[in-house]
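Going in written order, the chains are labelled A, B, C and D, and every chain counts its residues from 1.
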C-alpha cells in the first residue's frame, strides 16, 4: 500500500487536528505517524502526518485546502531528492555522502559534484559521478556565481548541499534556493562565525568543539539551524588537531541533517527549525 | 483557564485521533500539546494530550470511554504527586531531590524519607522532612518489608522513589506499587546488573559508565527503562573514582526520570517505555 | 606516608623532567602521578607531580628553585581550600555546593555565603553556614564592591566561587583575586556572552545548550575556560525550559571545575587552561 | 629532525622516569611529549615518550635495556602500519576506512580487503585495493580459517581490522595476532554480547545505544576495550532504526581506536587498556 507524507502549516486555531484527521478517516487512510507543534510565539501550527492507503493525492490536497484555506499544504510520497553537492577541497564530507549515496542511505540522487577547485575530481570519479570545476580566480563574485548557477541549473536540483564549500554565496544566489541549501559549518554556531573556526576555538581555549548543519539564508552563518553536535577537546589539541577531530562530527551532523531534510521532517518557523523526528 | 492532561491507550484502529479530537473540539477545548504513538509490534495506540478550557472531567471522560470502550483513559490536572523516598546511606541522590523539592522543581510532595540505616537522618532533618529508620538486621526479608510497608502506607504515596536504596525488594512488595516505584541503578543497564556495578565496570575496563532510571518490577534490574545517561572514564579512574564520577550522572538521570513520571509523560508498553517529552 | 603536590612552570628547555625527577629520586620520594605539557606556541613547560615520602618541603623547594631559577614552583600538601561563595537568587548551584561540602566531596571549606539579595539565606542556614546579604541598591558599583570586599576579606578566602552571582565585577575587584575567582556562565562560551543566554539561545534556535566554568578576569565572560558541558534541546523547549534544563549542566560543570581547581590540576597559559586530570 | 616513539613497560619501582629521561638528556634528545602511568593493582609502570633528535636507535635501545633489564622496550619512528581489513557485507565501516586511507588520515597502508562474501568487492575496487573473497560455506571452521590465514599471510600485515566481519574467529586463529586484531562490536559492551545486539537493545528498551572497538582475544567480545561511544535512541526507533543510527557511531569509534593503535598510544594491562592520547 502506498505511503504519503502530508505537511501542513497555518495560523493556529481550534480544531485543526480534528478537521485534518476527519478527512483522512473519511477516506479510510491509515495514519502511521503523526506530529504536531504550535509555535506559541508566532501562533502558528505545524503538522506532519505519514499515512498509508489508496489516495488520490490531488483530490485529497484540494479537499484539505478547502477546509483550511490559509494553510500551506504539501502532499508527497517518500522519494529520493535530486541534489547537487558543492565542495572545495576537503574530502571527508563529500566522501561520506558519496558512500551513503552509493549504498542507498541518503534519500537522494546526487546528480553532480561541483567545486571551485579540482582536488576532489578523483573522488567523484571513483563513484562515477559528474564533476565540474567552476574556478573563481580572476572572476567577480557575480560572474563566478553566474557560471556556477548555469552548471547547477542544468541538473535541476531540489537541494544544494554545501559539503565544505569554502566560498560565501551572495544573497542573490541564495535567493534562487530558499531553504533548499544546506551547509555544514565547522563550529558550534553561533560561536565562531566566519572563517577558521578551529583556529578561533583554539585561541579561546574552549573544551568542546562542534559542528552545525543549517539552511543557508542571506546572512553568513545565520540561517535556521538543523542539527548540531560536539566533541570534547583538551589543551593537548592544536588548532589542526581540533580540525581533524572535528571532521567526524562534521560529516555525521551533515548526514543527519540531510536525512531530516530529505524526509520532509523539518519546518522553518521564523529563524528556528521544527523537527519531527 | 484550567489545564488538563488526557492519557489514552488502546488497541490500534483507524480513526482514533479523529474521534478523540472531535470530542475535544465539540467541547471547545484548546489542544496545547499532542503526542501519539503506535507500538506496531503490539498494535497498540498511545496518546497524551494537554488541553485548556472549561471541562467537566467526569463527563468528558465518560464520553471518551463510551466512544472507545476498550481504551484505558486517564484525565487529570497537573499536580504534585505524593511521594515517599527510600534511601540507604549515600546522600547525593536524596540531597538532590530534597533541594529540587524545596525549590519547587520536583512536581512532587515528598512526604517522608525512609532508610534501613540512620546515616541520612540529619539530611532529611535539614529540610524538615519526616525520617524513618526501618532497620533490617535480624529480620527476615518478609518481616522487614512488612515493617517498611506499614511506615510507607501511613503516607499513602502515589510513587516510591528508590534514591540509592541498596536492598532488593521482593516481588510481593513491588506488587503493591505496579509501575509506581522508580529506581536509579548505577550502571548503564543491561550492563552490570546487580551489585557493585562500578567495580564490575572497572574490571571490564570500559571507557564509558552510566546510570539508568527504571520502573521496578519483579525481576532485579529488569524493569522498563525510563532514562539513561553516561560519562567517559579513563584508565586513570579507579573503581571508586568511577563511583564518584557516576554520582553526578545518577542524580541527574533520576531527577529527569521523575520529571517525566510525575508529569504523566510515560506509558509502559510491554517492557519498554514510551516517552512523550 | 605524606603526599605532596609539586607544580612547576617555566620556559621550556631540554632536560627539565630529568632534573626534577633526579632531585625527587635522590630524596627517595616516590612519584605517584606525573603530568607534563609543553605549550609549544609559548615555549613554556608545565609539570604536576604527586609524590609520597618523607619530605622537608622548604628545603626541597629551595633545591628545585636553585636547579631551575626561572621556574615558578609550588609545593603543597592536598588540603581543603578556604572558599567564599557568592550567589544571587538561584538555588541550584549553591545548593549543590552545600551538599557536596556537607558530605566532604568538595575539597574546600566554605566559610560563608554572600549575596546581593536575601533569597538564599534560608538555604545557607539549613547548612549552618554564615550568610551575608550585601545589597547593591542605591550604591555605586565601587561602594557596593567595597562593602562586598570588606565582608569577603574577613573570611580570608583563597578562592571565590560565583555560583550564579548575577552582577558584573569590576576589574579592580577581580584584581584582588587573580585566577582565584571561578564563575559558572550559563552558556556554551563564547556563544551568548552577557545577559540572558538562554533567551539568546532560544532566539537563535540552537539544538544544543551548555554551560561554562571559567576563571574571571578583567573582561566579561572572557577568562580562561576550565570546563564546559552541553545538553540537547529541541523546538519544543521555550527559553525557560532551556533555563530549567540548563541548571543540571551548570551545577555539574561548576562542581567539576572546582574539583580541578582545588586539587591544583590547572595551569593558566595565556588565556587557555592546561588541565592535568 | 627525526621523531621517535619510545614505549616502555616494566614492574614499577622508584626512579624509572629519572633513569629514562637521564639517558635521553645525555644524548641531547628533545622530549616532545611524555606520558606515564602506574597500574597500582598490578604494580606495573607504563611510559610513552615522543622525542626528536639525532638518535642511533639500536644503541639507545640497548642502553635503556641495560638500565632496565626487566622492561619491555619498543623504539620506533612514526610510520604507516601494514593492515589487512576483514569485512562481510556491510559497507559503512569499510567505506569509511577506505576514504581515510585514500586521504592519508589513517596511519596505515591497507594492503587488502578480505571477506567471506562478495558484496564489498565493488567498493574495494573503487579504491583500487585487492579484494579476496574467502567463502566459508561447506567448510569446517578450521578449513575456512586456514584458507583465510593463507591469504592474509601473503600480505604480512601487522594488524588485522575487523570492519564488521560477522564470523567468530577461533582462539587458534586469534593466537597468530596477539593484540593485533581490532574489532568493532555494535553495542556498548559488555551489554549485548554476541549476535544481533540492536535487536537485543530494542527488546530491552534501552534509551542509549553504543559501539565498542576492542582488541580480539580468545573469548568472544571479551578483549580489552579501546574506545566506546553512544547515541540516544527513543521508543520511536525500531531495531533496524537503531542499527542505522548505530552505523555512524560504529565507523567513528573504529577509526578513533585505529588511530590510537597505529600511533602506538595503547598499552594492555591485564584486560584493560592504558591510552596515552
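As a working rule, a residue touches a chain if its C-beta (ideal position, glycine included) is under 8 Å from a C-beta of that chain, and two chains touch if they have at least 3 such contacts.
Fair warning: this is a prediction, and the values are worked out from it, not measured in the lab.
J.: State which chains count as neighbours of chain A and simultaneously of chain C.
T.: B, D
J.: Would you kindly say which chain has the C-alpha centre located farthest from the C-alpha centre of chain B?
T.: With centres defined by C-alpha atoms, farthest from chain B sits D.
J.: So, what's the distance in Å between the C-alpha centres of chain D and chain A?
T.: That gives a centre separation of 35 Å.
J.: Just the number, please: Cα centre separation of chain B and chain D in whole Å.
T.: 41
J.: Using the touch rule from the top of the page, what residues of chain A touch 2 or more other chains?
T.: Residues 236 of chain A touch two or more partner chains.
J.: Which part of chain C faces chain D closely enough to touch in the complex?
T.: Touch residues, chain C against chain D: 14-15, 17-18, 21-22, 24-25, 28-34, 36, 38, 232.
J.: Quick one: which bits of chain B touch chain D in the complex? Just the residue numbers, please.
T.: 37, 39-40, 188-192, 203-208, 210, 224-230, 234-236, 238, 269-275
J.: Quick one: in the complex, what on chain A touches chain D?
T.: Answer in residue numbers: 91-92, 95-96, 99, 102-103, 105, 123, 126-127, 236, 244, 247-248, 252, 255-256, 277.
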